[in-house]
């Protein structure tokens, strides 16, 4: 039993001295294959996001999954190399950039507590005077973008550079059709931004802020791109190329926010079923971080009522079951 | 380095074959002593709960902490043997009893999502038609009590028996003065209960339900009692005497709810700073569970603005720092 | 008789040709007969209140209406002499008693503004820290009762004496079955009372307060009783027996609150269709006051979605149409 | 002159002794002079609106008042001929135009009930799915503008023509500085508009809608202009030139909405103190309509906490006191 021990040891000592025997204990390829087969029973249980026309055209029967261990090994299955709209998963990138510049205390402009209501509610925002509950609800992500604009001469390019470099993939792009589609249907986000500006919590021009926000959400990436891009969160803030993106504490902060706020109004259910820090997007992607062990990405476009990928959640749940990894 | 590995191995293989060498790696006594010393700098930063007269009389300069490993070893420091009013920590006991009888799907009468607002808000309850967000806000805990009443001929005695047996301490008692005090000042809890009953989500007589609820909150226990009582949550549902209280999945459910909902409106901050499933009470106690490793309890009566013990939170944070244990 | 007729004619024809003959123009008996006939088309459009068993047993095809001019003349039609449960109309009695004792400035414990949401919402109460919006929502009426308890050794008797004396009818009684029924199903009112007490806005024992409240609501009176009882509001505060109940300004205050807050969430629609200060009850009664002219009462048990009598509203609307009386 | 006077006297003495001599009793000029003198004691009790820079520059010690009887007579005092920013009073103009085109049933896109909370709250709007409570809160007025845009090739010109024709004053203008100022600081209105558009309750381009809205609010008119402009509401829908703007019932509808929704969160207090349909604006103006008798306008820039003119409210109150006119 207990493949996870070897994994764990690998991570913990971080010596690089990973013996062949530990490598062979866990057969990730077999696990991913098995997961792919099992989740296929759940096609048709969810619905593709239709609030953006550009998203609704995706073929529903897609499933891809990728895993990247902190030792650098990668495993994948299915459509793991196919790009999709990462949507809210991009908020992890901008939050990381923000914390990198501003440090841990992001608190005065945005909280770090679960929201407890629908992810784009204005009620809570009014109740709390224009301060969003956390950086993963739309309002909070917009504040983060606003805060980054002053730091980057060209924020859209900055975000693109960040994910391209981390993912070692210069072909990652903004899907302009999706971005335009989000803008055209983005009245609620415009409402959020204007509302926060009325409280003084947005400093820049609304259209500049939302243009960057909509582009960030339109990032087209694959599961493989994602596990590479966010590897540093599993590796205490350091990329595979040994670049420090965040301090150890800062990476811990991002992971904690993912666990408590990363999956809309299913945080509690996600914690129980999956039990690892995760961030989902309405494009059907889910990013998972097992601190000091690995990054995981899964994609399947059909969503449940909370806006999380049905097959994606199931796959994450099976993954933690078959590997024995869970924080609970 | 990395004392935590030995601990981890101990737990994971669950063979009982704990060699002396692993035992000696981590010096918990030294860690607890060090914590006790360091947290003493923070006396005076918080305020003792004054909404119940019986609570406000506690001397503020109290600090106790206890740890119980899944191998049975116990460590403690300071006032760890002194009883205090465990208040909301008792909700972990009743939730465990409820899940034991009703299984994982507690969902139709109470949710499992963070509340996002003050712990006793009626707004959310009205918005969600009398269904509390989770079992750790007052409304949810009252529903749990209501659900247990049908199962126990004498619920108060049932709860008392449960904590006494688990803690191996027949002297644990309800502090009748505290219970009476809570009842006398418990208008908001009466409001919650009547409100939920108006939605059909309370089945029994309000006074019977709240009498059990107030008594549960009045339980007088020590840190040592607590780590013994809730040892089963760290040990995948099984007590030290090999009694199965909960299934492995059920224990995981309780732990997940503790992490996402256990510390009022400081869940996100707690996850970041402490990073383990915890439940706090306004008596100044905090219970922490490190799944498959240990249960922890700390007590110090001065509270911060969110109602969590100032020294308690600091102690938990230091504990995870010094042991290297954190889920993030 | 009937100065008001001449007034109205004066206004309507705007000729200035005011003659004595106008006095005899208005045939109230004919008007009431005509109304009775016309409203009968609307039987079946509403639903009898079923939240209290004792109310749900009323035969639906009832209609009574009474008018009492300030000169003392009375007119009535249909079931005007039959008693029914006046429910919230009783709040006009207790508000009058309260203002009589406390004067115009009722403001610190209860507002005088329309509520804008359902008549028993706790959300608003929480948002406004336990201060009800006005004395006609349940929360406000409960505060009024609480305020009266200190002034009357036996408040229930005091209210009964007040309506009996004003109505010149010693047979008016509390319907104990209705009162008991309200108490048994009154969880939301208990919730409101406890909630306000948690904010310090209820001084007396909850059960004492609500017992008086439920009894007040259970008052069994007829349309004829009502027009006599509240005649003083039409007559600038003075009863037919020349007793001053309220000052002129105080009567004006009560009438203004009736117009802006008297008909649940249909205040705007009522103002437009009927245009006179009114107070409705879920027993199907409506009291109307035309200041300086007359009191009106109508009863028919079927209610619309807002909780107002369907035939009653229609009758009030026709009455203002046929008499030409409206404040707009 | 002044049939209304005789009416009032008729009512008040209730003697039936109505004579021609009553016609000459009321000296409006004396009344207005007396009011002007008395309200001057209240300078300094309020604060000039400062949320728009262009408004904050008005000299505070201004007071003007005008009255226009349905027989055509006009009376005025003080700064009654001076133009000021009518702000929300303009909503009466657009509502009248809307009802003229759409008839009484404005209901599917905007309600007619008091709002019960701050005049620009998004909470209520979210709770009620993008349907504003009434046409006088900002959200409702924006919906009205949106509904008018399809009917007018050039809505701004249409509104300007309407008030110019009614007021017989071709010099009425949009204050472009105020309009630009409102737009620059109008984030909350942008939020409201985008939010409602997200619910499908705004059909036109947000900037087109708000441009018309901000211009409407920037209308510069005097008290004399206002009483002429809205004379038709006092005269059952007909202008002094015998043009029918609204049907009798439609005029009644507008007046009823003014009484129940016209003065922000002071509707109840206004009903009691003034007792006539009124609409106030943050420029310090108040328009009052006494149906079938007269239109009244008053202006003084200092506002109370609810956003109503301090001297204006006092003047209206004194006017109803000295003339004996009140609906209560």
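Points to keep in mind about this one:
Each chain carries a letter (A, B, C and D) given by its place in the written order, and its residues are counted from 1.
Operating definition for what follows: contacts are C-beta pairs under 8 Å (C-beta built on N, C-alpha and C of every residue); 3 or more make two chains touch, one makes a residue touch a chain.
In this text the structure is predicted, and so the values were computed from the model without any measurement.
Least step count on the touch graph, chain B to chain D: 2. Of the chain pairs listed in B-C, A-B or C-D, the one whose interface repeats that of A-D (more than half of its contact pairs identical by residue number) is B-C.
Greatest centre-to-centre distance from chain D is found for B, with centres as Cα means. One inter-chain figure worth recording: chain B and chain C are separated by 52 Å, centre to centre, where each centre is the mean of the chain's CA atoms. Between chain C and chain D the centroid-to-centroid distance comes to 30 Å (mean Cα coordinates, whole Å). With touch defined as above, residues shared between interfaces to two or more other chains in chain D number as follows: 127. Per the touch definition, chain A reaches chain B in the complex via residues 1-2, 4-5, 8-9, 12-13, 111-117, 124, 127, 133-134, 252-253, 255-257, 259-261, 265-269, 271-272, 275, 277, 291, 326-328.
Contact residues on chain A toward chain D in their complex (touch as defined above): 121-123, 125-127, 187-188, 190-195, 197-198, 206.
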